[in-house]
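Okay, here's the structure, questions in a sec.
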């Protein structure tokens, strides 16, 4: 299985539909063979039925999550701290905004919590939750927002190279998680 | 002491020098009377001697932290999880970048880990550490970078309203921390 | 959803049967719209079948939990620490005893662990457990103990104003939890 | 060192002044030879100078802690969870109230957080804090309140058998902690 | 239920087949009446179907776990720390090797992670996992390895007194866990 | 600083006296430049004065720790869990015994808790403790036991290649820690 590093990454080049079933422990391990903290990216439609949704707020609102094509990121961290998971999720959202702002043709996205907007249109969906042995993050970035239940936009409108973006995001997130770990190893305690 | 909310905030209008002594448990409580998780902002010079520095990397490098005038943010969270603290610190750095990018006269800052740069010049210093009862974050945003040991810039160059920025940052960070907490209270676990 | 406070409370005025199904994560959120740590009170019969029981000791003993009418308290805290949950449960039981001892017509209850007795008759049932994302407490205070599998008494015998008691208990528990949190924010560590 | 049980207890029959220096890790171990979670009781004056006080609230108020004679309880638990420590502290305070209410000659004490009052007079002082390897609780019950900085009363006014009370409290607290541990070992998780 | 000690032990003298169903919370409590951290030993065949297996690595490899006769050890610890569980599991494996090396007729076993080998043949299977309220360890030591899917050996080849070994292992593990706990209660923190 | 791996290792070839001052957070980082979980090995005398000792049991007994020459291992892990630290320490002790038993000229060592003996003579000293940001382990293996306060032996009696042993132990411990981490990433939870 090779050398353990802080964070394993894989870009899956084939189309894969995100249905919510992927948000479970060891899905990454069983699908891609990555053992340990990992983040994967792939493209495909998004069709999460209400019964698969983990966000009780959305369930109460009856809001399904649909889009014709998304860039999906799924991360798994083998601790059980949901607060850390939500913090990591938001940092990943910030990272996406940072990377998109490097593409001059894309209007600057605006972050509201764990959502990105371009103008008044929603660009992303995201959730962070806990399994019995890990925490999991899903972020879906619309490529073609057709079918979304709210006003939405997609990267396809601005001719973004989605595969290159995926690679950048995987590398940036893995480097950030590694760097965060190192930051906890270099400070003395204070009184 | 009033009602406990997720995160207390205070903007201290008087000049106060940051020397590193402020990075200790209950400094906020003893100085401003805020009991609980809190973030405070104030302006003043930055003069942290090597003996006060908690970043062993900087100490090894012999890098002192000096600047003529900074906007200082100090946050204290009463848990003991240093990983959460570093994650919160970076999210605070992202928030600063987001707020600055709303000021059309300021060039877009670039984040590298827990640092912000404008062009090649450093705008901020930051550290996150643990006390016996809490974790603590300091961020200093240069207003006048004179005296900095590296190439640095300051908000004074672009005529930023530092007091208004401070108020925005306090409100944004407190709202984000509250929102993160709520996000941990709305998801069901997965398998 | 309004401002986050340490502990949300709701008194539900309508009759509701407690069957054990209510002891799950987000039941409070989905039923009453309270997001975050919360405690709710309502009145109704208690009918917990063996298959719903979480106390393996009672299951082994084959002891069902039945009563014609109870004042039910259900609390949910979004951490995963079962020891804290049991400690909070017992403090809630103490609080019930303290409040009842303010009613001169009620004989002084006696606490044994997480049970209250008046004389030799049992007044309460209680359990604390963990969900994948939270801990949960149920306390049922007999109003009419008819159907209980052990010698039991109910508040109805002493003409207690159950609604007023419920309101007092919600307020007292919420205030205590808030105060406990503040107590963790005011002490320096020792050697 | 004998068999490890959940909670070791010792009643120290000799007079010992409580000065705050006792509130540190391993004081119980080094003084009484009890290794592990333990609670000890002894009688003596209470003279805690401001420099020894761990409650920043009291320090800010300049309130010293003095009494001519107290029954002191010091507990040490080898985990690092300050929330648990405060919860245990309050349960210990409840236990003291419960035990005192069994003595018909003592007026019923009233609990406010971690304080007991008889009428308007304060009967106890208490603190819970963390050491680098444990948490610590001190409760002082006035026997002779002379010298207290606030209106206070002492058990001596009502002819309480302080040694017997001490023994009862040690046994009750140890039994409760053991019972709480068992309660975490008998419940299945819920959804 | 008797006195709580650090670790309860039971040797079950009757044949019992291990199928993987035993690896769940409270199986020890419901089967043997031990409440709290406990380890049990019994002999019987081992037949774990793929659907019962918790090791995703083995499931991916399609490796079933079978043997005609094993000495089984099952331990349950009521914390939720999987890292501790794996550490304890490996220490238990070391303890088995240590005990076997006291039997002059048995060739010295060699440990590889959580496996023991004699020569090139596998002697044991083992897993550590988490339930919602505890962690669980299973170790199976082949007595008669017939049916194992890999090259394996069994204690029966060397005429080991399996019951005596079981008793030694239960006592040694319980003593070690108790001793480890004491070791956490005797050290001061360092800077 | 290079790539983060699970566990960094360094063998320091120069003589270095172990005085107890090395058992502090970031000593490895500041001395050898390894940032993150790490283990180092070096040879030198051992002279730990009572004031430097962290084991209160030894302090109470007045037992100093002295030896003319030891192979020292110091490990630092950046979590704060002392139970994990003691478990890792004992596994390291087991690993030392396993490695020594590969040298046919050395009599088989016997482990008692965190000590190794050869016959009735003590071969090692060891301690595990917590800093404000990490846990630390020291193991000293006598090479020349001269000066030890108890009956002791040293590897020098059996002509062990200490440098080779050091290298083996560093590699084995790092591999084991990595493997333990992977083991926590491959199991599904159970009920």
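For reference, chains read A, B, C, D, E and F in written order, and residue numbers begin at 1 within each chain.
Keep in mind that, in the parts below, a residue touches a chain if its C-beta (ideal position, glycine included) is under 8 Å from a C-beta of that chain, and two chains touch if they have at least 3 such contacts.
None of the values given here were measured: they were computed from a predicted structure.
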Hop count on the shortest chain-contact route linking chain D and chain F comes to 1
Have a look at A-C, A-F or A-B and name the one that copies the D-F interface, over half of its contact pairs being the same.
A-C
Of the other chains, whose C-alpha centre is the longest way from the centre of chain A?
D
Max Cα-centre separation from chain B goes to chain E
Counting C-beta pairs in contact, does B-D beat A-F or the other way around?
A-F
Indicate the whole-number Å distance between the mean C-alpha point of chain D and the mean C-alpha point of chain E.
41
Averaged over CA atoms, how far is the centre of chain E from the centre of chain F? Could you give it in whole Å?
26
Residue numbers in chain C touching 2 or more other chains?
25-26, 29, 35, 56-57, 80, 82, 129-133, 181, 184, 186-189, 191
Topology of the chain contact graph, where touching chains are joined (line, ring, star, complete, other):
other
Considering the complex alone, what residue numbers of chain E touch chain D?
1, 3-6, 25-26, 29, 35-37, 78, 131-134, 178, 181-182, 184-189
Which residues of chain A touch chain C in the complex?
56-57, 60, 80, 82, 129-130, 132, 191
Hey, which residues of chain C end up touching chain A in the complex?
26, 29-30, 35, 80, 132-133, 188-189
Which residues of chain C touch chain D once you look at their complex with the stated criterion?
23-25, 54-57, 81-84, 86-88, 90-91, 94, 97-98, 101, 108, 111, 113-114, 127-132, 136, 176, 179-181, 183-184, 186-191
